[in-house]
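Two complexes are shown next, each including chain A; its partner changes from chain B in the first to chain C in the second.
So, the complex of A and B:
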């Protein structure tokens, strides 16, 4: 496994290099690369249940929105009653000292992750009893239902939304801070997920994906694993939502917090494109998807949805296993899937003929 | 055999129906500790239904099932598995997208319920050694890094058997272990089943259609027909029991 570890190290190096070079040489792209970090995070955490565990959620965006709203409530309640603040429609504006702002932000991010994870732990046992398409439709319904509930909740401003606290400091500093935060969160999430897949936990959720009834028959605590896996995804989505809410400056339920038809679907499409159930597939898928999305938005305006739809169709019809899955089928030896005839791993002559 | 051995499984008066079909009627069977017990009968006689009842796959209509003296007929599948009673499936079930080593490593016993056990690293030395030893035991060592779904059907059956042993069960219920296996490999499989029983101390309860296999393997055999227990006895007794010959073995 040392070769895959050194490959991982190189890929982390590439990502960190991109993260450092963009602000230095292409500062105009900070916002869009920040969104790319978020999309990597979404694809990767979706893949914990979707790819590795076989539970294709269409509603993971619900955790994103819950995290966003939890952070908003925590940050605003630092200086004002939340109901008064939302009722005043922006009349209450507070100038923060950096100390106050960052304390609130830190608490808000933690609250976002924790609230989303708790929500997953509470609703997981019921939702994860659904299998296959029923789980997909159930989670989609969950995300839409929560969005509607938040839209009608006057305490958080209902459909009118909330203005987030204003970033203290020069205008360019805010985007840069959120760029760094999203990058660090995505890196931390990837390292965590990589560790998680190296434990018995990773094998257990793979076993649930391949044959859940068999896993039960072997005594695996399937419900426990499923709920924890979803809660891990929820935690990172919640923190991501909290950061994105602050980055946007203004949040409202349908377009920003619970965008089921954009981010909610993108995260699935990206993981499928790169190769679901692999460590780096969702990352690759998210980067490619985001590049195509940005390029078509810029140069093919009006056709951007057609282009994204075409990618999804080609992906589903011609290579369902995604780019990395396809590569693994084509070059199995490169992924360690070989007949071991001796002790040392040597390429067998018969393999190439196959 | 001795007749004095404690029974690890005691089935008493178990009935189970699916809609209008009475799959099991008032069946009572003992599985003695440390032995190999066989279960035979024509297709549709209720053998697999009885297995499913024992491992908790579905609730029974009436009767009692005890495992090591403990009533288990109300427990669910994973709970029973964690007590140390596992089954293999007639249609072999493995984790088909994982390689053989991963299949083995996730099949360790899940009796340790401490919250941190689930985050133990997977490639721990003792687990890897045990997995390799058991794959060697069933003759799949060289294929251990292949995706298990790519193995032949017979190899998948062997893998499923090795996975069950990895769990160190007290009792293993095998549903037609030799079905679909190349006849020349069957002798090797019989030998491995016997060794698992003798060396690892696993009590076996085996459904089998291959008479040569079951007569060779089991110390005690029960025969079902039409969902009812027809007879129980040693292989010799059953072979000479006119009811069994009539219902199943066929007159030669």
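So, the complex of A and C:
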């Protein structure tokens, strides 16, 4: 499919152009666009299990929080005992040299991704045995449970949270660094996921989505594939969480690290808005969602959350196939799909009965 | 934690107290869970907005106290208002979700739950509110103090449950609901307007939640974001007890109330919610193990 490959190249070009132009011409929007990279990352990694594998998780945000806390622990334990640090409520402040800081940051990001992936590998075999709505409810419960456990864990500051190490150097450089890091991570994740879907692994998880029992009967080790797919999503979410924790400078369990009712549900809504089970749908959905969110934030003071809830409901109830799903139905040839015009209309992937 | 356990062994009467208090709150959980089982069983909609409807009912009784009425006055009002609201929600949202896949209903009601939370937050603010009934309390034995309001709410919950059961067994609509739950297509063939049945079921569930919410507001506190825990409790009970199993729902409700009370005491209050949610994961895992066992037999 050369046409779709060149389309991909063009889209990557657009993304990179945006990434380069924003700091040059609209430096005030760096933070906003950095969050947009994060949103794209979330929607895309959710789609690995949600769209491609048919396992709709409501609790993927748990990996985000675990990555954030793992990086915080690693970065802080470089210069201080974590328990002492959190008990001092910000009294202990260390000025890092840039070298120390970036070593810590690098270790922290790696630790964040690895911790989240290990967590996914540990709970995956158990949680992924649940099907359909039970998996969704179970993962939601898991995310809430971990958030509550962390809020009660004094070692990492409990509900009071932790201040992250302060970025060395001029104040404007910090957001810029994290902007670049999040952008690179998102790009890397997208390239990785694109490659992943083109391999046999992608076919296997699609088979699981279409009919898990049949896939198992065909000799696919469904449990292994499901767990690995979830761990891939977890790894990228973990690194993203680690970067976001450093970017916000202060982390706290309920609102920042495990925001089940905000980021946790946004990522699902974004993937569905763009069209789940497609490569670019989550990206498109995340960009649109983020723009709508920023506009409602600015102009609907106080009512933004209500508007957001309404958007989610409208999106899911009235427009579930998403933008790309709708476009695929309308112009299938542009996506390299062939349609049997003579036969009965087949339901789109998103609408398929369970 | 060890201290608390030791305390329990030294003063066993404390354990009795915890269990009795747990039974009282369990009755309300069972009521909410029965509503969920109804909606789940009849129309196959997993209502994640269940807890937020409970909290909404609680705010109705809080509003009654603001206007100078006794919160118990709000009980019939909450039932009527929530019934109408439930019908409206069905007409706007749930109708379009009923025959879609289950994740759709889960996500749509999650959006609904966000909506209810945020509207309540805008109107009443994020502070914790209580609708004080001022019933006083009485002593059972020497150690155990029981608030009268808990006793009354247990009785009211029982009366409500009884009324619902009689309604489901005897009335024309109740029979139609049960017929639709068994086989919606056959019910439609036999001339039952299933759309109406669905609307009524959802509205009835909302009314049950509203009534439970009035009791919750009198016994504990309400806050716009407390809803999700009630939803999770209802899911735990229904998943553990199964659909259409009223005695099971009531027993599991009592069990969950006791577990929550005891766990909150032993592990400390900050882990009470975690104990409830981990119970959900445990119940799901237990179901999974059971399923594997069934699959093994089939092989």
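One rule holds in what follows: the second predicted complex is superposed on the first by the 338 of 354 C-alpha atoms of A that agree within 3 Å, B and C clash if a C-alpha of one lies under 4 Å from a C-alpha of the other, contacts with A are read in each partner's own complex, and residues count from 1 in each chain.
Please note the rule applied: a residue touches a chain if its C-beta (ideal position, glycine included) is under 8 Å from a C-beta of that chain, and two chains touch if they have at least 3 such contacts.
Keep in mind it's a predicted model, so treat the numbers as computed, not measured.
**Student:** Determine, under the contact definition given at the top, whether A:151 touches first (chain B), second (chain C), both, or neither.
**Tutor:** In the superposition, A:151 touches chain C alone.
**Student:** Specify the partner with more touching residues on chain A, choosing between chain B and chain C.
**Tutor:** Between chain B and chain C, the winner on chain A residue contacts is C.
**Student:** Which partner does A:202 contact after superposing on A: first (chain B), second (chain C), both, neither?
**Tutor:** First partner only, chain B.
**Student:** Quick one: is A:219 in contact with chain B, with chain C, with both, or with neither? Answer first, second, both or neither.
**Tutor:** It touches chain B, and chain C stays clear.
**Student:** Can you name the residues of chain C that touch chain A in the complex?
**Tutor:** Those in contact with chain A are residues 46, 93, 96-97, 100-104, 106-108, 110-112, 114-115, 117-119, 121-122, 228, 232, 235, 239, 268, 270-271, 273-274, 277-278, 280-281, 284-285, 287-288, 291-292.
**Student:** For chain A, which residues are in contact with chain C within the complex?
**Tutor:** 56, 58, 126, 129-130, 132-134, 136-138, 140-142, 144-145, 148-149, 151-152, 158-159, 261, 265, 268-269, 272, 302-303, 305-306, 308-310, 312-313, 316-318, 320, 351-354
**Student:** In the complex formed with chain B, which residues of chain A make contact?
**Tutor:** 1, 196, 198-204, 206-207, 209-211, 213-222, 224-225, 228, 277, 336-341
**Student:** Touching residues of chain B toward chain A in the complex: what are they?
**Tutor:** 55, 76-78, 81-82, 86-87, 89, 93-99, 102, 105-111, 113, 117-123, 141-147, 163, 167
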